[in-house]
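Two complexes follow with chain A in common, the first pairing it with chain B and the second with chain C.
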Partner chain A sequence: MKIEIKSLSKSFGDFRALHDIDLTIESGELVTLLGPSGSGKTTLLRIIGGLESPDSGSVWFDGHDATERSARDRRVGFVFQHYALFRNMSVFDNVAFGLHVRPNRPSKKEIAERVDHLLALVQMRGFERRRPSQLSGGQRQRVALARALAVEPKVLLLDEPFGALDAQVRRELRRWLRHLHDEMNVTGVFVTHDQDEALEVADRVVVMNKGAIEQVGVPMEIYDKPATPFVYQFIGNVNRVPCVIAGGEARLGTLALPLNGVDAPDGTHATVFFRPHDLKLAPAGGANGIAATVRHISVLGANVRIDLAADNDLPLEAELPRVQFDELTLKQGDKVVVIPNDPKIFPGAAPATSTP
Partner chain B sequence: MTVGRGTISPVRSSVIPGFGPTLGFTMFYLSLLVLLPLIALFLRPIGMGGEKFVAILFDSRVLAALRLSFGGALVAAGVNAFAGLLLAWVLVRYEFPGRRVVDAIVDLPFALPTAVAGIALTALYAPNGWIGELLAPLDIKVAFTPLGVMVAMVFIGVPFVVRTVQPVLQEADQEVDDAASSLGASRWLIFRRIILPTILPSLTTGFALAFARAVGEYGSIIFIAGNIPGVSEIAPLLIVTKLEQYDYQGATAIAAVMLVASFVILFVINGLQKWQQSRIGRA
Partner chain C sequence: MAAVAHRPRVKAAGHFRHRQESAFARWLLTGVALAFVAAFLLLPLVIVFVQALEKGVAFYFQAILEPDALAAVRLTLLVAVISVPLNTLFGLAAAWCIAKFEFRGKSLLIALIDLPFSVSPVISGLVFILLFGLQGWFGAWLKAHDVEIIFAVPGIVLATMFVTFPFVARELIPLMEEQGKEEEEVAHSLGANGWQIFRRVTLPNVKWGLLYGVLLCNARAMGEFGAVSVVSGHIRGETNTMPLHVEILYNEYNFAGAFAVASLLALLAVVTLIAKSALEWRDERAAAARLKAPV
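Showing the complex of A and B:
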């Protein structure tokens, strides 16, 4: 089912949770809504699911206005962060619940067959008689997923489904979900604040911040061509260096970077963004670049991370493959020049650090 | 003899010290204040002989009083279970101006001296009172009838159900409701199949507490009841009446029966609650 969201806004008291959101999700797509807490991603998901109503704007399912439709009439499957299983019911009854409450309830035998099929799908066969309290977190979430799929939803909404699980289980379930989605013809919307999860699971990523959409794109686009400083900082590590615009170029140390169409008049401030692994280091005095001192070297398996300090103690980070690092023979206190490979210039001073 | 790991033993020094003295005090305190008077209560009727005991109990006035006390208490606890659940629901699920005030009012029957409550209720429900006046044309008499007894019992039992159900409702996950409604369940079905089973144990506790309080209530009832023997006379009042007539044996006989009956009822309710609890399978 195709989902269209048209100029949607929602406030809770003085807090603007969503502001004028427009988004189209194609049928069969798996889209992640990625953003920090308070970015409005969960509110958007709840509005799509009919658990919250917008202040203005509309939600369309396959070209029909569904804004006024209640959650029970939308036929969406919802999976919550804390599982939200019915703890007074067995695993079987949990999964069968959606079938039981249908107006045209299937026969007992049909329900049993369907539940069995779903439990096999989520690899939980044999747990029918257990109570949710007797299951691990990962198992509970799989049961919750089976329960949501029981009503054959056209849309599957997942609200940080793996947020409460430990890293190992998380990674497994992530892959498994991606796989499951490919097998089923269902449109998926997945909320997360974990960038790795978002990039790994999704067909397309919607990056949200402060109730607005910052960028929509396939994972590679989001990582390689961040549209805004926020996306740059939120996805992956990044170095930010303030610079001055002069003569139609950004002056960065002894470097002059072309603006490539960035709208920044001479004399204004701008910020240069580049990834720690997307740069070159050279001994001081050899090449044009940003002068810096090596502060600390840490070996991370195949890569080496080098903490640097530029002028005014501005911290920079470089990540080099072992081979390159060995060629440089760097040690603490050495003077180097940093040459960014593919820097991106955004007008204005660098926003406050918010990377964790 | 070796003491197994994890056994609580006063001999072995435990992680939390002071087991011996604290348990000793607990036993002493309970014995002195609760058990001793109860044992005395049982020993007295034994002294009077079975025949006389039966004669006192099967006196029609005594039977009527016991029936009113226990029957009225059951009805009142039932009313409170329903109304208390509703009150707790409103207090937990909705935000409205003055919610804190309403929350505080719930406790008032706890705090109010029972005699004050009795006088206030009598004034309201008497044939010339505010509410009694409205009910009189309908030929409904509350004050000085068994109905009046139940009104007083309902009044004093209000806080019990609300205060036991409220925290459980508060703890109940809103997401569970959301999950059920996205699966297509109606609001009534969600309440019946999901919310009610979760709160049933605490609702039962509230019911038991309200019932126990109503059975034992004296102060607020004697004003509104009118205390007509065989009609609106409650068992605790009958005990007092017998005491005033120096009929100590009669008083203790009724008291012993009340004690046993209360104990049995609370025991049954407790078992019921255990069973409900096991069905929820708390995490």
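Showing the complex of A and C:
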């Protein structure tokens, strides 16, 4: 089912949770809403599901205005971070719930067959008579998923579904969910604050910040071509170096970078962003670049991370493949020049670091 | 018989075990606690039964089966049968809307629910006299329409309901708030209507807390003295509940009779206590089972 969100806004008292959101989610797509806490991603999910109503704007399902439709009639499946399994029911009854409460309830046999099929799908066959309290976190979440799928939802809404699980289980379930989604042909919206999860699971990623959408794109686009400083910082590591605009160029150490259409008049400040793995290091004096001193070297398996200090003790980070590093023969205290490969210039001073 | 409003929740047993007091201190504290319990709770309870049976079993049953005593028992049961279900209904509704919804004036509602706890029962009774008594706001109208509230059964029911009003709600609100509303939201999105959500999800989740609240509510409804005393008028065989009847007998120096009826109330207290302990024991076992389950 195609979901269209049109100029949606929502406030809680003085707190503006969502501001003028426009978003289209294609049928069958799996989209993640990625952002720090308080960015409005969960509120947007709850509005799509009908658990919250917007102050203004509308939600459209397959071209029909569904803004006023109750959650009961939206045919959405919800999966929450803390599972929200019915604690007083067995696994079987949990999954069967959506079928039991139907006005034209299927026969007992049909329900049993359907539940069995779903439990097989989530690999939880044999646990029918267990209580939620007797299951592990990963098992609970799979039961929650089976329960949501039992009513054959058109849309699956997942609110940090793996947030309470440990890293190992999380990675497994992530991949498994991706496979499941490909088989099910259901539209999925997945909320997370974990960038790896968002990039791995999604067809498209919607990066949100302070109630607004910063960027929408396929994972590679989000990582390689961040549209805003926020996205640059939120996804992956990044070096940020302040610079001055002069003569239509950004002056960075002994480098002069072309502006490439960035709107920054001469004499203003700008910030250059580049990834730690997307740069070259050269011995001091050998090339144009940002002069820096090697502070610390840590070997991380195949890669080496080098902590550097530029002028004014500005910390920089470089990540080089082992081979390249060995050729450089660097040691602590060495003077080097940092040459960014594909720097991106944003007008204005660097925003405060956000902790994802 | 004043009931305690909050059950100590048994969680993580042995949580304080790392604080090892000296053996002497432990024995002293335990001894003091036991001495208090014996002196203030156990001894009176024993005395009630000893006094009641002082003149023999025959007299005991005669005192209980005397018509006025039977009328008092009947009235007490009637009051409980009316007020406990109504307060259960109210408590469920109040707890449901307080725990599951956000609205203006919520804290005011919570404060109001606590009002009967914070007001002396005598005042509660007087309020009804001021409202429905002959000199009260509605007194003239009620007299004109021949409706009796004060010094009659309706007044007793009203006063009892007022006093026992918070028990169920107080028990359920923290429980429901702790459980959150995600299960209800999931049920809603799975297509359940309001009644189905309540019956299949919310009610089963709070059933033990509810039962516990009802027990306390019932114990207080049968045992209430102050408020009922003000509105009852003490008409023997008509508007005397068991606690009031005990007082009358006592004032007439019929000690054995007074204690015989009192023993019935005490028996109720004991039964309530046992039922409550059984519920807690069950709760504890469920918690232990949860802990043992693989996570």
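Everything that follows uses one rule, which is that the second predicted complex is superposed on the first by the 354 of 356 C-alpha atoms of A that agree within 3 Å, B and C clash if a C-alpha of one lies under 4 Å from a C-alpha of the other, contacts with A are read in each partner's own complex, and residues count from 1 in each chain.
The rule is simple: a contact is a pair of C-beta atoms (placed from the backbone, for glycine too) under 8 Å apart; a residue touches a chain by one contact, two chains touch by 3 or more.
Remember, it's a predicted structure, so these values are computed and weren't measured experimentally.
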item: Partners on chain A (chain B, chain C) - clash or fit; value: clash
item: Touching partner for A:P54 - first (chain B), second (chain C), both, neither; value: neither
item: First, second, both or neither for A:R74, with chain B first and chain C second; value: both
item: A:P229 touches, of chain B and chain C: first, second, both or neither?; value: neither
item: First (chain B), second (chain C), both or neither touched by A:G137; value: second
item: Which superposed partner A:R102 touches (first chain B, second chain C, both, neither); value: both
item: Where chain A meets both chain C and chain B, residue numbers; value: 49-51, 70-72, 74, 76-78, 80, 82, 84-88, 97-98, 101-102, 131, 133-134, 144, 147-148, 150-151
item: Touching residues (chain side chain A, partner chain C) in the complex; value: 49-51, 70-72, 74, 76-78, 80, 82, 84-89, 97-98, 100-102, 131, 133-137, 144, 147-148, 150-151
item: Complex interface listing, chain B residues touching chain A; value: 173, 175-176, 178-186, 189, 193-194, 197-198, 279-283
item: Residue ranges of chain C touching chain A (in the complex, touch as defined); value: 180, 182-183, 185-193, 196, 200-201, 204-205, 289-290, 293-295
item: Interface residues, chain A side, partner chain B - complex; value: 46, 49-51, 70-78, 80, 82, 84-88, 97-98, 101-102, 131-134, 144, 147-148, 150-151
